[in-house]
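In the two complexes below, subunit A is the common chain; its partner is subunit B in one and subunit C in the other.
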Partner chain A sequence: MIEHKILFTGTVGAGKTTAIQAVSEIPTVCTDVISSDLTIGKKMTTVALDYGEVSLGQSERLRLYGTPGQARFSFMWDVLAKGALGLIILVDHTHPDPLKDLNLYLQHFARLIKETACVVAISKMDKSRPPPLQEFIGLLHKNHMANPVIAADVRDKEQVLWILDLLLAQMEVRV
Partner chain B sequence: MNTVANDSNEYPSQLVNEELRNKARLLLQVLVEKFGGAGVNNAVISTTDGFDIAVESMSKEDGTKLSALSSSISAIGHMAVKEVGTGEHHQSILIEGENGYLLIMDIPYPGCPLTMSITATKEAMLGKLIYYARQLVSKMSEA
Partner chain C sequence: MPDMPDKDRISLSYTAVSCADKEAVLLKSVFALYGLRGNINWQYQNSMGADFVIIGTEMSSSSVDLLLRTRIGAKQAVLWISDASLVSDKTRHVFRCKPPLHPSHFANELKQVELFFRGGARHDPSRSPSLPPSSSASLSPQIAALREEFPDNFYVRLMSWPSPELLSDDRFLWRLSAMLSARSMTVAELAERSSKPEDVCREFLRRLSDAGCLKKIPQEDHREPLPSSALRETKTTAEGGLSGLFRKIRVSLGLSS
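The block that comes next holds the complex of A and B.
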């Protein structure tokens, strides 16, 4: 059995906890607490980590870790990034400046992205609203990154599995 | 799905009012004074999602940082207590470094759970620290 550690990060409310719960085969471990921050628009928020597991066929198992979204928990980002073989960045499209949000994670995890694999998934995307997907791709190019950028509904197990497939495809190319 | 007990429909930020801040500030002052400068350096009371509501003997900036740190550690503590079957909530977490301690305690304030963090040097008597910290928690937990 080959095991990989995969890390989910990204904006608060983008669906990191939801994505891990959608695909995990074990009851997820989660550290949600009541949010006292009215600006994030939800009642619960992750303050330490999420954990779930999913197996792919007979030979591979993914250990899924999720980070808190807020930058004040960036010390947890570094703790959780240790040993990760791939990064999934979820960006909430309904936030005021999702490009700026994405840039924060691209900068912070630049080394992990360059050394391992990364997929950027835009959640809650309404195609009639700017910015279009192309601008997120452009931002990656500006950072000399060529990782896949997709729109996804992370409540849907199939779509989260698809994101994981995209990530694993990059990992296989590197091997 | 995870659950955290919250009977109230109010957001905690509406419960974090000036009265609660003052009470927290006063209790922290009393605790630090008990040690008269010998050993207990800093103390902060925060919401469980890591925002400081009262900071004692440290800069606002350091209080903000310690609040975020303690909220993560505290959440892991709650998770650990459940996983190993020793309860639903941790009551205290003690982290010992070469030169001192970080003591984190859960404050089950009704509708708005809080976390207290105290840093102390090895000069501080640990038993005394835990005793007064528990006293503070019980006073602070009263609505």
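The block that comes next holds the complex of A and C.
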């Protein structure tokens, strides 16, 4: 079985579990224990990790991972990022400083973003409160990135599929 | 402003039905502007037989459906100001604007409508469009200018994601932008990848360029990006390698390709 993966990242409450659930063929698994292949170094840490699946015929499978949100688990992000086909960053617009949240992920995943594909989805977007979408776009631009930035309600499956569509559009031109 | 040569200017009629007062005023002013600088001479006509029929927000979806099936011919273009989805019709050329109508959205659609009447670019991907070859002498000045601005051998690359206003809710424009965010491409390649005529792509590139989102790279300055190691190392059993894998993912998710 060949396995591929797409990563969902974002702060706690940004909608990772919801988004993965929307498209996964299996009920989303929220693991609390690191499996052995994810163990890094000495310490065994418990983290929350979302996992969903889409089967791709007999011999292949697409895994959807939701990274633990907190920056203290960032060592996990690198493990998960290895070999990923693309990244979806979910930004909770109701957070105190959503631009700072986004910046953290842009920095940390810079290489994955530049080498594969990335969509930034702003969840719980309320247009009447700052920052406007344009500022998120501006932040990407400052990081020399022009990836899609979209306001989305990930409770709606169609919107999650649209995010994945834009992610695939980027992957497709890279081969 | 010098007048356009007469042979390049065509006269077309438009009509507007079921428009709210605000919409009617906006339409009138945009047409007045276009009458001055476009290469189509738009004349108002109080009849459903007009070349271009604009349907305002005050008509219900079912009436629009009926109208399209019974009153609109295949050579007419329609613009419907609505969020609603169309139920039945695939044979008429229906352009869309979201309410509340915005002058720039309408102007953008009008450009597409003009391309449609220029005998070329079609709005609907299900109809295969045919444009005159690049060397054609009978090109409209607009298209000729676009071809000059975005020559076949230039690469373009997105420098910044476009605003939602620029993309409106046209999925084709979103996909095109996503492609251009990943890598620089020539107009020809963009057209092939998106299955759209080159001139339709150019028209959009022009808007991206106006918005400061685009970088043009002459062929001699272009460097092929290194293939990403992440994707290079991806193994798949899919026929056609990675392209096949992405196709498989689309099919499994129920996405169109």
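List of remarks:
In this section, the second predicted complex is superposed on the first by the 147 of 175 C-alpha atoms of A that agree within 3 Å, B and C clash if a C-alpha of one lies under 4 Å from a C-alpha of the other, contacts with A are read in each partner's own complex, and residues count from 1 in each chain.
One rule holds in what follows: contacts are C-beta pairs under 8 Å (C-beta built on N, C-alpha and C of every residue); 3 or more make two chains touch, one makes a residue touch a chain.
The structure displayed is predicted, hence computed values, not measured ones.
In the superposition on chain A, A:164 makes contact with subunit C only, while subunit B stays out of contact range.
Of the two partner chains, subunit C is the only one that A:173 touches; subunit B does not reach it. Looking at the shared chain after the overlay, A:21 reaches subunit B, while subunit C stays out of its contact range.
When the two complexes are overlaid on their common chain A, residue A:84 makes contact with subunit C while staying clear of subunit B.
Applying the stated contact rule after C-alpha superposition, one finds that A:137 touches subunit C and leaves subunit B untouched. In the overlay built on the shared chain, the residue A:116 is in contact with subunit C alone; subunit B does not reach it.
In the superposition on chain A, contact of A:76 is made with subunit B only, not with subunit C. Comparing subunit B with subunit C, more residues of subunit A are touched by C. Of the two partner chains placed by superposition, only subunit C is touched by A:56; subunit B is not.
Subunit A uses no single residue to touch subunit B in one structure and subunit C in the other. Subunit C meets subunit A in the complex at residues 157-161, 163-164, 171, 174-175, 177-183, 185, 193, 213, 227-231, 233-238, 241-243, 245-246, 248-250, 252-255. Subunit A meets subunit B in the complex at residues 21, 28-38, 43-45, 47-49, 68, 70, 72-73, 75-76. The residues of subunit A lying in touch with subunit C in their complex are 2, 4, 23, 54-57, 59-60, 62, 83-85, 112, 114-117, 119, 133-134, 137-138, 140-141, 145-149, 151, 161-162, 164-175. By the touch rule above, subunit B contacts subunit A in their complex via residues 1-2, 4, 6, 11-13, 16, 47-51, 64-65, 68-69, 71-73, 75-76, 78-79, 83, 112-113.
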